[in-house]
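Below is one structure, written out as structure tokens; the observations come after it.
A, B, C and D label the chains in the order they appear, each numbered from 1.
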């Protein structure tokens, strides 16, 4: 399995460069019987889309096309190949800065690894955030499958720079963040103000995303390396610009004491459950039943209007490089959709590994449908129009 | 590949429970030609050993035994099987608390996943921290291989609770932390004082470990899921009690601005390199050449003398459970050796994947030997005596 | 990794159904720097194409389109996604026989595994031989890479029914079989006569393909499960209609004696080599240096004009089913291209695993080019016209 | 995952050399709740044991020791580590022939791959047939799990040289072959006579083993590379000395016609099933319900008393080498136990992948027990005594 694949039973392979002809995902291991169409994918893709507010103006308007694995509206158990054609790609700018790797971007790493001659320098190539389109597509399929277990995945911004935003206390709050252009549960004004300031300074700002998987059954995760927490860490840190990960209270626990850091075990409807979410819903890296909480920290977009010094790779002269155009002032906002997708992909893989869903065929019923419909319901009206 | 294996080319499989007969590691994919003996493994195992100061008194005195894959003192390219026999294991206490899962421990998760009847409740079974013995063994082999590229792995405590300790500025500082019973570069007194207080309160405290891999060549890590940062995240978060991960400045970057968050690219000895380590030595998840920095947060040990309420799994009554005996006041300290091991395993796997070392045979020379010997040199005198 | 992926470092994922919109392959793990274009893929695809003589008349005329992983004519190290659009697909016939699984086809197995409702019954869906288009595409990339080591892969028919054809004694003979419409080194007339007879009887015939990889270096294959012979067996038996595999003399050795079954070891140009190819060029499942020989047996096409009894899956009535249209009288002939592709994919994966080629970047030179050009040279003139 | 691991969900890793301290297997992915003890493993190990009649006199008397993954007599879901200590190993002979690689053995391949200096030349090291002890151990666990689905695995010799023996028509016949020292259903006298002759000639003879998995449910195997037939091919060809594989009628089908090569589909107890076993119980590489039949061809033992010419690896002189001592006149006989084990491992992996058994916990009941007990029942009395 190559580095562009993720998952053991729900195996996602992605391909495609920012300014290439197209990009796509192949999802191998989706059970047969799941209703699936392009609209399902767009429900999630729309929330990743730039151009809502303060984000890169490139109008991707991504139209996913399912090429295989779906017949008569249902998955067949065969690999699902989805392609999104690139458009609106002008690469001339990148030709100009080809010799001057952009600080904070992957340029220099790609040049060193693959060779200057072999590097697709247009728009960051495969290292571009655009790659995450394929993740969101695979995540949409994963989310739909998870609906069959009643699992809902929500994500929201809990901080931008030093400005904090509320955490989701229940699935409704989590879903509500889908309606906000800043993916916050509340505080749109504060977010807007902050980002205006950032843009005025020709700068960008980092942020933290919390993703919650609600109503996760107990028993997901495998000792000792494929713990659920470990696979979630890999999934989230593999996202471009991700630099930090926390399960439950994370680093706060490292500053705390044992007497305060343990979730109590309490009885509830005939079984023992955790009271509290300090551990993020897992013990020993295995889900205990209830919400799973993880956080991912995104660094600020490196593409800003403020030039930075770099080195001409041919001459080794120090020269400034700038990245013109309007850019995301806070990539973390679009990162929410991607982080949700990665959590969904990781969870469905472990659901299948743990035998909680038949890996070959699923029964889709109205109860699954009801859960899945929530994602569409919680779309801003202007996006619904694009469906 | 099961959940107890890690790595694609340098594939580590571990097995064994805390109170079982033995535990061990099978390392498949170590090239032939590496000098290896049991002493090499002990050099690293000793630093993981409890009982140095303030730690669990069980005298593991682990004696690794190499059963395969080494002939005439050199690896043969065949799987290296190492076993460590358990001793000093009294399980009677665990019999008593079998029905009362300990808060913060994996007990409840294992019961739910595998069934109460099938669970090895003695000492946490496979979820015990003792499992990490096998990781350190595999890590020692990885470190020795990495010596051939001049890569040194060091780790040290940078915080215990709210007390901070210095970060390593160079390999010598990192190595120096091996000499400290608290794995700090400096501040033994402060650490000792803190832990005394913690123990007096029958409590424990969390901590943060930073691991640095020095002199890592450029080009490690594969787009887009097997980025070096992503595999490091999985490796470190898979450790028992690990709850947070950062690459470079991590969460600090999420509070920062793009104009300050980018490492400059500067010329150095004929090539472009990073000035600064905000990104932890990677761009796009690929090493750029130089030190790789990651942090892992450990929660406080859940085993403390202060009882906590739990639920009797049979009766569902709420009852207190306590975990008597002396315990690690800060598991993070022993976590340093384990975190280093996981970083080493991840790096060597990517070194092999990237073709920077011949996956079938290595040439061992005096320059490799010199690097490797540093680990032994930087052992406290009392531990050297155990070699 | 899902069931539709193959290879550890050179990881091929295929997708697409016979009568779906398209089919394709994603090749992850091809080093950067390999010159590659669509024509390279067609060189091999043309030899798999039906419609040359006595084969299914569907004029696939497959036009592969490279969507990613190639920039400025060279591979970038990123996943190479190739798509082939389906055309000329009329599915109405399959609608009619949907309830009557065709004997010898995968219909019944797919119905049982995935459910009657979820099965893409058009043209065999994913179980169709058409799936092998993607294998041949990936195989072409593999062959081109192998050219860098001077390895040439040739395949030819050595038997059709009870009629035998010569085995290749050198690469030129192997290549020569590319020029024959029956993929035989010599005996086109005999083959033609046999197939005419078969078609007259509304029947089909089985056949055996031998694939030889010439000038393979020593050291490919890993103990004890990933032996080269084992991975070749999986690769070849995974082809539709493949029912038997032999390495070297195969079943003949099972009828022989130890004193006659061993290849002698002899000196040659400063090293010890095998004299004879009884073992197929491997010992202990590892290549010894020289040609690798394997054989794969194909059963006769199940699609013939002679009806056969089957069971209506709904009523359980016994009913005859026939598969009208012209069909391949000997699927083994087109199987040659597919078998070559699978051998190439398996070999390049082991070449990379064994460190014999840099997994990240390759240097392409005139000597590689010379080897690669042979494949194009040895194309029948009428096919060259389609390039 | 390294080359010494096999299986995706039921993941077997083996280690150990012929003349090393020990060898063993780690089975990761066995569900919790399976009763397991050392005797279960011996039931199968005894049938692999040499020294019954005409086989190598080394009295292995292998005593497997379970070190982990079993608690209170049941599996816990954790990796099961089993070790077998080597004894009776005298390596001095191999010292003498170290420079003269034995024809037909892996010596030359290992020297070329790993280097003369790094090669464990004692008794073939890891390439020794002794390695298969670990396979049989893992196979015993697999067989026991398969008992829960009512699947029985039997194997028997169907030919030795040109002497043929009957194929199993039902499970009882298959089991009966366990009682024969030559693993034939009938014809012990003919086998004995043949082998006496072979031994008299200081020679050895090849043979073919058929393995049948009885009562396999429909739906095992995944398109398009992980077909059941493909994974069985890899499993069986990975065995030392295996040189050929057939599913169903195999090569005979390649000599046959489509009109005769298709199994009819017939109604049976409310479903459609195959009449006949030409396809070995699979269509499209997926099980259809019923027996699965595969064959594996073993070449004659290369270790015979008749010397053969080889090359001194240092001097490149041509010299004879002989392998003194008594040897297996037909390694295929002991290969039966190994082939059964590999089929069992492959099947249980696909059973788990297909969701036909809970991958985390199994319920063991009297019906499972009844199936499993058959293996012990069908042991020759003299072997039962060793249990």
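Operating definition for what follows: a residue touches a chain if its C-beta (ideal position, glycine included) is under 8 Å from a C-beta of that chain, and two chains touch if they have at least 3 such contacts.
On a predicted model such as this, the values are computed, not experimentally measured, just so you know.
Student: Count the touching C-beta pairs: is B-D or A-B ahead?
Tutor: A-B
Student: How would the chain C/chain D interface be labelled, same or different, where same requires over half of its residue numbers to be shared?
Tutor: Counting which numbers both chains contribute, over half are shared, so the two copies meet through the same residues.
Student: Hey, how far is the Cα centre of chain B from the one of chain D, in Å?
Tutor: 38
Student: Nearest whole angstrom, what separates the Cα centre of chain A from the Cα centre of chain B?
Tutor: Chain centres of chain A and chain B, defined by C-alpha means, are spaced 28 Å apart.
Student: List, in ascending order, every residue of chain D touching at least 2 other chains.
Tutor: Residues 1-5, 8-9, 14, 78, 113, 126, 219, 223, 354, 360 of chain D touch two or more partner chains.
Student: Examine which chains touch each other and state the graph shape they make (line, ring, star, complete, other).
Tutor: complete
Student: Touching chain B in the complex: which residues of chain A?
Tutor: Spelled out, the residues of chain A in touch with chain B are 1-6, 8, 14, 101, 103-110, 112-113, 126-127, 131, 159, 161-162, 198, 201-208, 218-219, 221-227, 229-238, 240, 242-251, 253-259, 261-267, 270-272, 274, 279-280, 282-289, 297-304, 306, 308-311, 313, 316-318, 332, 354.
Student: Would you pull the chain D residues touching chain A in the complex into a rising list?
Tutor: So the residues of chain D touching chain A come out as 8-9, 78, 219, 223, 353-355, 358-360.
Student: In the complex, go through chain D and note every residue touching chain B.
Tutor: 1-5, 8-9, 11, 13-17, 20-24, 26, 28-29, 32-33, 65, 67-69, 71, 74-81, 83, 113-115, 117-120, 122, 125-126, 360-361
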